[in-house]
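Note that the chains are named A, B and C in the order they appear, and that numbering of residues resets to 1 at the start of each chain.
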Amino acid sequence: MWKRRTAYILLLPLAGVTVLLTLACGSVLAQSLGYVPAFGLTRLTLDYYWAALSKPEFFPALLVSLRTALLSAAAASVLGTGLCAALVRRGARGMAVHLVRLPILVPHTVTALFAILLLGQTGLLARTAYFLGIISDFSQFPQLLFTPGYGGTILAYLWKEVPFVAYFTLALMAGVSSTLGEAAENLGASPLRAFFTVTLPLSLPAVSQAFLIIFLFAFGGYELPLLLGATSPKALPVYAHLAYMSPELRQRPAAMALYGVILLLSAAMAALYGILTRRLLRRIGGGV
Amino acid sequence: MKKLLAFILALGMVLALAACSGKDGQPASLSSASWEEIVDAAKGTTVTFYGWGGDEDRNNWLASVAAPYMKEHYDITLEVVGMNIDEILAKLAGEKEAGSASGSIDMIWINGENFYSAKENGLLYGAFLDKLPNTEAYIDTQDPETLNDFCMPIEGYEAPYGKAQLVLYNDSAVTPETPSSAQELLSYCQQYPGRVTYPALPDFTGSAFVRNIIYEICGWEQFQTMEADYDTVKSAVEPALDYLRSLNPYLWNQGRTFPDSSTTVDAMFADGELVMGMSYSPYGVSVGIENGVYTDTTRTFLFENGTIGNTNYMSIAFNAPNPAGAMVVINAMISAQLQLSQYEKLRNLPVVSPEKLSAEEKAAFDAVDMGEGVLSQDELLAHRLPEMPAKLVPVIEEIWLNEVVGK
Amino acid sequence: MRKKSLFSRLALGTAAACILLPVCLLVFWSVTARWSWPSLLPERWSLRTLRELFFGSQNLWQLLGSSVALGGAAAAVSTAIGLFAARAVALYDFPGKSLVRFAWLLPLLVPGPVFAVGIHLTLLRIGLADTISGVLLVHVTASLPYSAAILTDVTAALGGGLEEQAALLGANPVQAFFAGSLPGLMPGILSSLSMSFILSYSQYFTTLIVGGGRVKTLALTLVPYIQGGDRSLASSYALAFTGSALLVFVVFEAFIHRGRKGDGGI
């Protein structure tokens, strides 16, 4: 019994923050239901949600966002775990760690600037190709950015998020590897085998959390798809952002309804993900 | 850990107290106060000025010219805060909703739809323009741009700050032509396929460019009184939509995608990816040439039938902690002296009326060297077209997205 | 062994190249006036933006000071709260545990503007808007998911065994924690501190709305310049931003390292 009480006491500060956050969301989601007394709107209605869902651009936008988020999160998790393993192998310290932390520090808008300066049709890659005589004009360089496939957006996310996964997993993997992984090697397992049978499964909780974080972020973030994406179809958060930016304050509920949709979808996907990974991890034997 | 926490909490509290104190006093009733009383009440106070902060030249001017001027003449500390207008409105809307009587914003840099929306929703202080002595002294009070902002009556809720006008620019060393009409622009695009584009709406400049094309094709008069109804507007602008669609195949990316903002267009022009650009700052080219961003052969041009011009303004927030101080600062901003300084340092079209200036002041304005590659003030004003009603702007933006992109 | 280190060398080399190439571009752009197609090097150089960075309208040193102080405070608070929560979840059994894990993911689920606008409304009502404490609270909220996740993983991996041993030897719970678990948790605590620091250091919209522009940070100043489209000035500010944060880490870690000589870890 005292143990349970200790647990609850330990959770008090978190609960405080959560209550604050819930209140915050509540007051904004009330706006999405048409409740903005400051502007004379007081009738509760679901109309704004129906209006958001019935727009013809809604489903293409949802698809764009889901696809971008899924591809970014999956590729970043795989590559990031690899990078993390390499870091652990090198002692997980020094310059390499600072280097990996660098992209996490770079704001998304600057990452977009990188993508344009590097991958754009007049970017450094195109110039190098021109210099080497591979192309004779920048219009021959493939259009990587601003395409409806959102390839540029995904690449920019990878630049930031592969190091994020590596860094996020590092503390756990370094700990696991230095104790259990090395024990396995001392017992005769090859480094590769020790990694895949011991270190990796035990590090999976961190990797899977990182996957979820990136997925949610890429699903809800507007900056990179706005700066590197196509004019049409736009990503879902870009629509929400543009609606929110609109000066017409009485249209605020429409923007908030779009954010409400994003919030509900994110929550649903997080829940689904939680169920799936728990099953998966239990099967592998990691356990959360 | 506990000690650390206690220390941080204590630190936070101290800082919070420091941030809370120093609220400025204000006179009991401003509406009946004389100008002298207002200036007196503003003495020794702080005025916050919220507005777009992305222009380092303007930030520098505010910090090195405007702020010292206010300190010296009125003993007012001018504090400039860089914040986008949508964020300012979001903040004010929140304060309105929470019933906050005294906020943190005194003055706002604003115009157009944002002004309309802020005024409509009670986020502004009220009429103050007539109170300022410099309104009478320097501003043409019958000028349509003093009376209306995007066709919306101003009613004294904001005072002019500077004038903007849409201009086009290209590099004479790359393309000798300067298309002076929509038709010439089409053949220009055909000659340089893939090298011309405009910012995706709702970017401010892209939106003005499309409205300008609509003026070119459909004339401007009919829009001054038009109903903001999707179908009405769409049938009125149909010929312009046809034109824009006929432009698409020759645009950058075949008009399937447009750059996200005017700053991206400027950058693409500087890199040589585009041969032409458009800007809301009529003297932006000369600044670009001086900074070495543009080549020396870059020049500004206009459509023969004119381009859209508008004014940007200063207003006061509904819950301004120091409205008296804000009025004093705004009054100073529309003086000949600070307008001349803005014209000189920022190359911002002035809002003072030439007829109200003394011969000396006039000569000072005329003596300003506007730099290379730009048009004279007279030429710009001779080709200036009025804005559309604010309510039409979002409608046109939606029509453009549905009917022009990728079509 | 040899194969593995070849792999790690290759992986780290590629990663370093991919990370550093754009950053080098940033260095070039900060002193570039014009760099048009197809030149491989800038055509016109200029020190204008560096001049504006150090002697312009913004007081760079003051901005750096307040950003670092705010980031440090947010990191400490968020790590402390995260550590408490992590211990509860990893070492105790109680009903509603999965709800807790969902609760700390909440800041990630909430779209940015909803978070900022909603929390602004809430803080206005309790009188914390436009104050540093309010901004600190928001930064802590934003970095909590990361702290909690990192610390739960390491706490669970370490288990409660060492502490129990210490308790059996007669230590009180606090002593048991410091002697038993803390050394093992250190890598996680350090990661959590750095991650929260980064999160706080790069907050823009929340700082803007809740701080009302009164609380000034480097990120707050940086973003308008990036949006302003002056690529050279944006590059200078981005370099100052990234460089200063890196410097904080180098100093912080050198400090920690001296405190725990030869103690391995991160």
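The rule we apply is simple: contacts are C-beta pairs under 8 Å (C-beta built on N, C-alpha and C of every residue); 3 or more make two chains touch, one makes a residue touch a chain.
Quantities reported herein were computed from a predicted structural model and do not represent experimental measurements.
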Which chain pair shows the largest tally of C-beta contacts? A-C
Per mean C-alpha coordinates, the chain lying farthest from chain A is B
Determine the centre-to-centre distance between chain A and chain B, using the mean Cα coordinates as centres, and give it in whole Å. 35
With centres defined as the mean C-alpha position, give me the chain A-chain C separation in Å. 16
Out of chain B, which residues touch more than one other chain, so two or more? 90, 97, 264, 271-273
Could you tell me which residues belong to chain A and also touch two or more other chains? 122, 138, 244
Residues of chain C whose C-beta touches two or more other chains: 36-37, 80, 113, 117, 121, 227, 231
Would you mind writing out the residues of chain A in touch with chain C in their complex? 3-4, 6-8, 10-15, 17-18, 20-29, 82-83, 85-87, 89-90, 92-93, 96-107, 109-110, 113-114, 117-118, 122, 124, 126-128, 130-131, 138, 159, 162-163, 167-168, 170-172, 174-176, 178, 191-192, 202, 205-206, 209, 212-213, 216-217, 220-222, 237, 240-241, 244, 256, 259, 262-263, 266-267, 270-271, 274, 288
Complex contact set, residues of chain A against chain B: 36-39, 116, 120-122, 138-139, 143, 146-148, 226-227, 230-232, 242, 244-250, 252
Chain C to chain B touching residues, read off their complex: 33-37, 44, 46, 48, 52, 56-58, 73, 76-77, 80, 113, 117, 120-121, 124-125, 128-134, 136, 205, 208-209, 212-215, 220-221, 224-225, 227-233
Residue ranges of chain C in contact with chain A within the complex: 1, 3-5, 7-9, 11-12, 15-16, 18-23, 25-26, 29, 36-40, 80-81, 84-85, 87-88, 92-94, 98, 100-115, 117-119, 121-122, 137, 140-141, 144-146, 148-150, 153-154, 156-158, 184, 187-188, 190-191, 194-195, 198, 201-202, 204, 219, 222-223, 226-227, 231, 234-235, 238, 241-242, 245-246, 249-250, 264-266
Which bits of chain B are touching chain A when the two form their complex? 85-86, 89-90, 93, 96-97, 112-114, 116-118, 120-121, 123, 194, 200, 202, 253, 256-258, 260, 264, 268, 271-273, 394, 401, 405-406
